[in-house]
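Paired with chain B in one complex and with chain C in the other, chain A is shared by the two complexes that follow.
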Partner chain A sequence: MRAFVEFSQQVLSGAALGCIYALIALGFVLIYKATEVVNFAQGELMMLGAFLGYTFISLFGLPFWLGLPLAVVCMAGIGGLLDRIVVRPIVGQPVFAIIMVTLGMGFVARSGASLVPAWGVDTHVFATPFTGKVASIGPLVASHDQLAIMTTTAVLVAVLFLFFRYTRIGIAIQAASQNQLAAYYVGIPVKTICSLVWGLSAAVAAVAGILLAPVVLVHANMGFIGLKAFPAAVLGGFGSIPGAIAGGLIIGVVESLAGFYLPEGFKDVAAYVVLLLVLAIRPQGLFGEGLRKKV
Partner chain B sequence: MTVLVEAHNVEARYGPVQALRGVGLVLREAEVVAVLGANGAGKTTLLRILCAALDPDQGSVKFLGRDIAGSSPDRLVRQGLAHVPEGREVFPLLTVRENLIAGAFVRRERAAIAADVDRMYGYFPSLRERRDQHAAVLSGGEQQMLAIARALMSRPRVLMLDEPSLGLAPALVKDIFALLRRINRESGVSILLVEQNARQALSISDRGYVLELGRIVLDDSSERLAANDDVRESYLGIRDKGVRGERRWRRKKRWR
Partner chain C sequence: MHVVRKTSYDQDMRLFAHRGVAFWYGVLAIAALLAPLALNTYYLSQLTFVCVYAVAGAGLMLLTGYAGQVSLGHAAFLAAGAYTEAILQAHGIPFVLSLPAAAAVAAALGLAVGIPALRLTGIYLAVATLAFAFIVEEILARWESVTRGNFGIAVDTLAIGSLRFDAEWKFFYLALGVLVATLLAVRNLLRTKTGRALVALRDSTIAAQSLGVHLAWYKTAAFGLSAGLTGLAGALYAHKIAFISPEQFTIMVSVELLVMVVVGGLGSLHGAVFGAAFIVALPQAIVFAKGVLGISGSGQAAVDAGVFGLLLLLFMLYEPQGLYGRWVKVRYYLEVFPFYRRATFRRQKTYARTERLQ
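And now, the complex of A and B:
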């Protein structure tokens, strides 16, 4: 019985962290599907979102429920601008050039953040209304931060699902990511849609950053968590939104279990071990679509 | 009748390949015009230029009296020019209904869009049956119907189609072409039909152009084109008494 409770406890905390991976992976997938660009700076977008949240809420003293949407909207704007100014001019260049540019964006974001006077290279404690409270669910315990992460992720995923399924813009985004040329031919302004998707991904990243901040503290290198979200996206079949969510959760849980049951050091490679195993059996990823995208 | 599309002296090159040479063309209100040509004649290139997906190397194209230079396909859709591209190009992972909704992207009125979705199901009953299935699983004919219906969802004044008959059974082609004519009569939409299938295209069009190696070599009413010896020989596969060694327009070209 005790062993089972321990196990469940690890699954619970793994799922909470997995939600963060899932949200970042979701950003990878959205951008990749719409623009065929793999944005290696997705983790850094999350970091910037966390810093903006920290600035508005802890430094400026805005109420959490005002500071959060403000940071998210700012990040959406930054994401859209990044697409417009940095990414759009290089679309159509060789893949490695695009990869270098997004990697470079990550470097610039990290050093840029540490140059901001109030941010610097220090870690910052960022308290949210959830911080420090703990709930018990039967024999299990979960911090309110963890519960907030899981609830918000669930709500966000549901909202995105409805958005893609039922709104004019959501359907247009899907159309543009399935066949760009045909999207132009039905009157969808594909470039604007791409900027919109970058904005959306940056906004989701900001939410992830602000949820994660109380757990891991805010610092310029917190975006490295993107290195774990990337295998999550690949695991799910890079290009599938449900896949990104499932991939994130799986990697979070496996990592947490590995950290608890296996010797030290296994935790950090667990994500990649799972990825290799899954890809060996299902090369297209868990939710990978058999259909190849048309040019 | 008002001229909707007007191309003048259009030239296009892909590197060393000259795809179009001095092409001129006119499409008027409520007309159905066919552009006939064999494989590689430059039909797709011409349509791409007419909808601003491709810039001509020379010459000009006007839509509704305005030069389209610097415009783009999505902007022209807003002004009433819809294009059914070669190879259908449906959105594979959207359902039939979602494909139609995507086709109405430039419109806002929800009720009118829903009514038009129903109108499309009326034209193409098999799409209604398959409305909740992904477009990827439709047959070639159904995908072609979907591509046409999707283009009509923008309520265009001009509908341009690139070889809609490609890969479809003759009976189905006949049905689809008859439907195009009906839609043209009912809604007044002008149709520019680019085809290799000359017989079917001429049977529903008012006028036609014959494109050969990037040049317009004939331009006449569809009736007269269908009766033209050269067209009968090269595009309808009919050989009349006495084998003609040379086609007339070829001879004319050489003497120029």
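And now, the complex of A and C:
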């Protein structure tokens, strides 16, 4: 019984972390689906989101429920601008060029954040309404932070699902992601859609950043967590939204279990080992479609 | 402007396109040989670094620039070479044997990655190599009985028989020799059937396959060769730095190697050397620029990374052919002066083409 409780506890905390991976992976997938750009700077977008949250809530002293939407809206703007200024000139170039551009964006964002006077290279912490509270579910214990992460992820995914399914813009985004040229022909403003998707993805990243802030603290290198979200997105099959969520959860749970049951050191590589195993069996990821190139 | 009139197919495969090219390479070789006379120890040491990085760059160029396979995990091969060299040397194996062994261990690892990588393309391959590099880094840190974990290994001065490479100029000549040998080897490889198969693989896998290129064989070979060359560079690197630990082979090093070949110019061996020079010179240039502008030295690392990223961005946006591409343009401008037209090198945009499978 005790072993089972321990196991469930690890699964629970793994799932909370996995939700963060899932949110970042969701950002990757949104951008990739709509614009065919693989955004290596997604983790840095999350970092900027967390720093904006810290600025509004801790430095300016705004209430959490005002600071959060403000940071999210700001990040959405930044995401849209990035698309307009940096990514659009390179559309139509090989995927490789775009990867390098987003890697460069990540470098600049990280260095920029550590040069901002009030941000710097130190770690920061800001209080959320969930900080320091703990709930028990039967024998299991979960901090309010973890519960908030899981609830928000669930709500966000539901909202995104409804958005893509039932709104005009959502359907336009789907059309653009299926075939940009055909979308142009039926009158969808594909350029605007791309900026919009970048904004949306940056907004999701900001939410992830602010939720993660109490767990890992805010610092300029927190974007490296994006390197864990990458395996999550690939594991699920790049370009599949349910895949990103499932991939994130799997990676989070595996990592948490490996940290508890296996010797030290396995925690950090568990995600990558699982990824390589899955790719060896299913090269297109768990939920990816097994398409072959046709001539 | 020198126009080469081609009268036979063999001409296309020559090592040097015409005598002028051979002459200028000769001049360059003499300049490199005389460098220790003209430069002080510090600059010579930097030049040695350029040689070492250029060997790794040539390895990655073969894989990414010619065979078109992205690798975000080349630091792992660099580490494999460096650690093999350090451990073998500590066991008293002579350099003449340990250097090929370092390359062989890295190449074996490369083959091990190459075989599962056969089924992966694009982003899946990039992330798989990334995962591989993380695992290798963790193994280096944890396998303490062999690698001494995070304490690292001190590497002795290099010696071949009674000849000790204790002075900077001696090591420089060694690194230069390895670089020249590597470049010649890769250049020669590219002139053969294998080289053309690799380029065909890059340009269109399906077309290559239809022409009878054995995809599995050549992809694996590309990974193995590239990893082997990077391992060679790793062995030299271990001796140059004289101390190795897992922190020297992180994901950032993989990215740096990739930036090196991209900024240098993908698909040209010149690019590998230019890129290596860029990577080594950049931090110095930043320090110099700061001195000129009179900015105090706070947050050096952050500024370095930022400038690095910014230059990468600007290169991709405005000069995707890299430094080598710029060099070709400048040379062409001078050769045809005053008849240069901007459109000669205009980038092709392919909006309708999608790399995604439909």
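Keep this in mind: the second predicted complex is superposed on the first by the 289 of 295 C-alpha atoms of A that agree within 3 Å, B and C clash if a C-alpha of one lies under 4 Å from a C-alpha of the other, contacts with A are read in each partner's own complex, and residues count from 1 in each chain.
By definition in this document, a residue touches a chain if its C-beta (ideal position, glycine included) is under 8 Å from a C-beta of that chain, and two chains touch if they have at least 3 such contacts.
Source: prediction; values computed, not measured.
A.B. asks: Regarding the shared-chain residue A:I171, is it in contact with chain B (first), chain C (second), both, or neither?
C.D. replies: So A:I171 only meets chain B here.
A.B. asks: Using the touch criterion from the header, give the chain among chain B and chain C with more contacted residues in chain A.
C.D. replies: C
A.B. asks: By the touch definition at the top of the document, which applies to A:D268: first (chain B), second (chain C), both, or neither?
C.D. replies: So A:D268 only meets chain C here.
A.B. asks: Contacts for A:F7 in the overlay, against chain B (first) and chain C (second): which applies, first, second, both or neither?
C.D. replies: A:F7: touches no partner chain.
A.B. asks: A:Y185 contacts which: chain B (first), chain C (second), both, neither?
C.D. replies: first
A.B. asks: Tell me which partner A:V108 touches in the superposition: chain B (first), chain C (second), both or neither.
C.D. replies: Second partner only, chain C.
A.B. asks: Between chain B (first) and chain C (second), which does A:W65 come into contact with in this model arrangement: first, second, both, or neither?
C.D. replies: Neither partner.
A.B. asks: Just checking: does A:F238 make contact with chain B only, chain C only, both, or neither of them? Give me first, second, both or neither.
C.D. replies: Once the two structures are laid over each other on A, A:F238 reaches chain C alone.
A.B. asks: Once the structures are superposed on A, label A:F161 by its partner contacts, choosing first (chain B), second (chain C), both or neither.
C.D. replies: Once the two structures are laid over each other on A, A:F161 reaches no partner at all.
A.B. asks: Do any residues of chain A touch both chain B and chain C, and if so, which are they?
C.D. replies: Looking at chain A, the two contact sets intersect at 179, 181, 291, 294.
A.B. asks: List the residues on chain C that touch chain A in their complex, please.
C.D. replies: Residue positions touching the partner: 64, 70, 116, 119-120, 122-124, 126-128, 130-132, 134-135, 138, 141-142, 205-206, 251, 255, 258-259, 262, 266, 299, 302-313, 316-317, 320, 347, 349-358.
A.B. asks: Which residues of chain A touch chain B in their complex?
C.D. replies: These residues of chain A touch chain B: 168, 171-172, 174-175, 178-179, 181-190, 289, 291, 294.
A.B. asks: Give the list of chain B residues in touch with chain A in this complex.
C.D. replies: Against chain A, the touching part of chain B is residues 51, 53, 72-74, 77-78, 82-85, 89-94, 98-99, 101-103, 105-106, 136, 150-151, 153-154.
A.B. asks: Using the touch definition from the top, list the residues of chain A that touch chain C in their complex.
C.D. replies: 32, 36, 38, 86, 89-97, 99-101, 103-108, 110-112, 114-115, 121, 179-181, 220, 227, 230-231, 234, 238-239, 264-265, 268-269, 271-273, 275-276, 279-280, 283-285, 291-295
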